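Some structures are shown below for you to check.
Common to both upcoming complexes is chain A, partnered first by chain B, then by chain C.
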Partner chain A sequence: MKAKKITLIILGIVSLIFPLVIRSDYYQHLVIIALMWVVIGSSWNLLAGYTGQVSFGHAIFFGTGAYTAGIFVTKLGMSAWWGMMFGGIVAMVFALFVGWICFRLRGPYFALATLAGGEIIRLIVTNWESLTEGMMGILIIQSFRSKLPYYYIALTLAFLCVFVIYLVMKSKWGYYFVSIREDQDAAESMGINTTLYKNVSLLISAFFTGMAGAFYMNYMAFIDPQVVYSLHYISIMAILVGIVGGVATTLGPAVGAFIMVGVQETFRSAFFGLAPKWISQAHALVFGLLVIFVIMFLANGVLGDWGKIKRYVFRIKASN
Partner chain B sequence: MKKTTMIVGFFLIVVLCFIPGHFFAAVPETVKVGIVLPLTGDQAKFGEIEKLSFEMAMEEINAAGGIKGKKLELIIEDDTGRPEVGRSVVEKLITKDKVVMVGGGYSSSVTYAVAGVCQQNRMPFLVNTGSADNITTSGWDYIFRLNPPVSEYAGAIESLLKAVIKPKTVAILHENSLFGTKGAQEFEETCKGLGYKVLLKEGYEHGGVDFKPVLIKVKYLKPDVIYMVSYIMDASLLMKQSKELKLTPKMFVGGGAGFTLPEFQQNAGVSSEKVISATLWHEVLPYPGAKDYYNKFAARHKKPTEYHGAEAYAAAYVVADVLKRAKSFNNTDIKQALSMTNMMTAFGPVKFTSYGKHKNQNRLPTYVVQWINGKSELVWPAKLATKKLVYPVDWLKVWRY
Partner chain C sequence: MGKDQTIRVQNKGIELIGLRRRKHMALLEVKKLTKAFGGLMAVNNVTFKIERGEIFGLIGPNGSGKTTTFNCINNFSPITSGDIFFKEKSIKGLKTHKTCHLGIGRTFQVVKPLSRMTVIGNVTASAFCRVNTIKEARDEAYRVLDFCNLLKEKDKLAKSLPIEGRKRLEIARALATKPELLLLDEIAAGLNLSELDEAIDLIKRIRDKGITILIIEHIMKVIMTISDRIHAINFGQTIAEGTPQEVANNPEVIEAYLGAEYAQG
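Here is the complex of A and B:
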């Protein structure tokens, strides 16, 4: 327990001084993106990992957060940072609708409903040009030239998200969530209002994903519906981050986020220019192989199956 | 147990961050220019033809002595066709590779996002393909565009419609992308101006494979002309499925992009016959080097090239010319040199002017090509044509029904 605390403190210090040591904008950018994925992955994990409601539609909340921030600029002429305040809340409003409709369904049917929901919203945003500018997208001018403010905002957001989820899972709510995942009917018969607590889990998840979306608008300064409501690059990526890192573990999605962003960029840039160029054309393939590998050998993710990795990779006996 | 994980993991990341930066310290003998192109993903075919052309031009420029004694180095990066990736790519080019200017830019969405970053960083950006109007109408002074904006793509098509086809009704299909949507809107305006009735204007989803529902709707409406703004796979599929449905308007018209690539003819086969498309260039145009470029490309890569390749090839020469004239390689001098550009390229004359809402926009005429016996032939304007426009077309006979 003590060792764990020390590790966390070291991790905290390292993350605080990281951008002061590594001055390259490029690496700072990668870590900022990874931190954003920590938020999305952890939020997805709360709903899917802990509460057992596998969502294929987290792009709904991400995109809504991003568009809230964008519309603050284009329609109200205010700063996109207002989106950081309201993005999460607007995403929660959408979550209420999603929950109202989709929580009548269970298991794979719920997953399919969220998948459809994400696509429906993307089409609406694409075609509602008077509000969203359609495929032209929303382009704003970033508030800061330096990456430092963005880094610390992303870090704070990631920390808040992981910490809140940690606290929630320690509380009574957390036990309700897990009991719903394990057996919804049993939970219901124990007197847990399962519909209410599934919605609570969804609302928390949507709030943080919406915040991440608003952050994305502020940081990347350009969104269009295919970017922020993307099934592949947001909804599925959220699932991959969770699965690779470790479903239903506090820090699993955080680890998963760094792995996924790292793998993606390593292959896109062909090992930072070291490998021949054709490697970069295989980046989609590598993603697929990684997922197959994780599902076959590390079904609980990198953090969930850490014991297994240690046994095989570091050849340490399975004493613990 | 988790302690070791964390520490090992984190230090791995930190070490990874350090190594490459020091490994790839700049080689001082080259002038670096970043090129952003889609090399993977749906638009990879366009990226490929542009990349090959950029590389060909770079070799020629360096063989002829390079720039002020230094070699020109084009760092070609993959944007995968996604705006957010394009953004990170151009940030990497600016901060890590320390390029002196940026070129490329294929899809409008990516180009628009990249242009935003360049303007903010005061990095001169010579766009060669991304054509949505807002790229040069946003008032950005570091962004220069070689190709005409999408609103002017249909210029030659318009005069051809007026002179030859004289349609009464038009149907417009477009991909739901910045390029597709804007191209379709502009053409709709054009049709209204000419008094043609637009029976239908419908967008379809990027990556779609089944266009029959919308094509059946079009068949029912019987328009005289079907105008399509599409990238590559969708262009081929639209034509193939029109053939299967025996959809026979007076003319199929492509709004550039997918309809001029050699791959369009390869994929669509006989369904591509007699289709006309807007284009910005053709190898027979009387520009110095145009035919040369076409022949060299064909000899080297064993396939024909078209306007996207020519844009890239010419862009490389403009870059070289600008860097030679620039007083120094800092951004304001390069921007100054760009705005003074006045040269002839294989793609046509290049001179950046401001007109209407456009800033730093090159003005060029457009043309119409028709696929005749598997070859893209220039058919309009008539005085430059290599073959006479085949019209009217008996589609069922062309499709060998």
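Here is the complex of A and C:
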């Protein structure tokens, strides 16, 4: 318990002074992206890990948040930072629709419905050119040249998201969410309005994912539907972050986010230029292998199976 | 004098009204309940009343529609026709979680523990039905677990309990919602003899708390010793109702359970 606290404090200090020590834009960029994935992964984890409603459509909320921020600039002529406020709320409106339709289904059928929902919204956004500029995407001017402000905004957002979800899971809602995951019929007979609380979970999840999307718009300054509504780069990545880090653990998705962004970047850059170029093309393959490895040996994710990893490492040390 | 008398007459009137009301106020009234799955009449025109404070047994051979009746009462499956009254109000079509808030708790024949939660977590989640803070819910969970003799297992995961413990967890979870009517679905199935006695004792203690019980049971030792009245159904239809003794001697019941030869002899 004490060791845990000390680790958390050290992590907090490191995350606060990181960009002041490491001045490289490249590494700062990687950590900013990882922090954004902490938000998306944790949100996905609330819905899928804790409430048991596996979503393959988190791109809906991410893309909606991003486009809200973008449209604030192109249509309303306001700062994209307004999108940080409203991105989450607009994502919640979309979540109401998704929940209304998809929560009639259970288990894998729900997952498939969200997957279809994501693709439908991507096509709508691609074709509704008068509002979204379609495939041209939206280009804005970044507010800051330095990465520092973005870093601290992302850090605040990540901290807020993890902390809020932690508090929610400690409350009555947390008990309700886990009950719904474990047995929906039993939960219903215990007096839990399962439809309502599944929607509550989805709304919280969508809110933070939308905020992350709006942040992405502000930070990257360019979005198009193929990126922010991507099944592969957003929806599936959100699932991988959750699974690799540890489903239904508070900090699992945070760990997963750093691992996944690290792995992605390592392969995308072909081991930072050291390996032959073709490796960068194979990064999807590596993702697949990583997931197979995690499911076979660390079914509860890196954090969920931390004890197992520790035992294994100690065994290797002892045998040396 | 005259004034006094009128008051007395009025009082008498009120008393009479009170008596009449009490007489008719069954806690649960199932009226001509019918549930069809396609062409199969799982429950067909079943009518019964449960009074406050009694233990009401529901028996019948396998597949006779007992669990379906339960599922209709707390609306797991919508009823085809008929009506169900709880405290004189129709609960037909009311969502399951709402019937729970009204005061109907239930257990499942095929137990449904929240496997990856602790035992106390299971009961705490259920206790939120009546209270709002974590502390109150925990306290209630402690009380209920103590009542059900599960306190020493409280930190185990629900999936690690043996079947007997899971059945008691089902009861504890239902009790934590503070029901007025408790539906027990075969809680004694699969228990050994000493566990049976404990289960009977537990049911009696629940009754002594003032909770009305509707129980489905196959084990005659349990149902015959604790029930005040028994309702027997076969192929979804009522075949007998009365005290345990009456029902046990009813030829139709004997026929349903043992075959026609036994009923004649």
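We take it that the second predicted complex is superposed on the first by the 311 of 320 C-alpha atoms of A that agree within 3 Å, B and C clash if a C-alpha of one lies under 4 Å from a C-alpha of the other, contacts with A are read in each partner's own complex, and residues count from 1 in each chain.
The working rule: contacts are C-beta pairs under 8 Å (C-beta built on N, C-alpha and C of every residue); 3 or more make two chains touch, one makes a residue touch a chain.
What you see is a predicted model, and the numbers here were worked out from it, not measured in a lab.
Partners chain B and chain C, brought together by superposition on chain A, fit side by side with no clash.
Looking at the shared chain after the overlay, A:186 reaches chain C, while chain B stays out of its contact range. With both structures placed on the common chain, the touch criterion links A:141 to chain B but leaves chain C unconnected. After superposing the two complexes on chain A, the angle subtended at the C-alpha centre of chain A by the centres of chain B and chain C comes to 140 degrees, rounded to the nearest 10. Of the two partner chains, neither chain B nor chain C is touched by A:287.
When the shared chain is aligned, no partner comes close enough to touch A:103: not chain B, not chain C. Between chain B and chain C, it is B that contacts the larger number of residues in chain A.
Once you line the two complexes up on chain A, you'll see the smallest CA to CA distance from chain B to chain C is 21 Å.
Those residues of chain B whose C-beta lies close enough to touch chain A in the complex are 1-3, 5-7, 9-10, 13-14, 16-18, 20-21, 23-24, 39-40, 78, 80, 82-85, 87-88, 91-92, 95-96, 109, 112-113, 116-117, 120, 132, 134, 138, 176-178, 180-182, 203, 206. Listing the residues of chain C that touch chain A in their complex gives 74, 76, 95-97, 100-101, 105-106, 108, 112-117, 121-122, 124-126, 128-129, 132-134, 137, 173-174, 176-177. The part of chain A that touches chain B in the complex is made up of residues 3-4, 6-8, 10-11, 14, 18, 22, 24-27, 29, 33, 126-127, 134-137, 139, 141-142, 145, 220-222, 224, 226-227, 233, 255, 258, 262, 268-269, 272-274, 280-281, 283-284, 303, 306-307, 310, 320. Of all residues in chain A, only 170-172, 175-176, 178-179, 182-183, 185-194 touch chain C in the complex they form.
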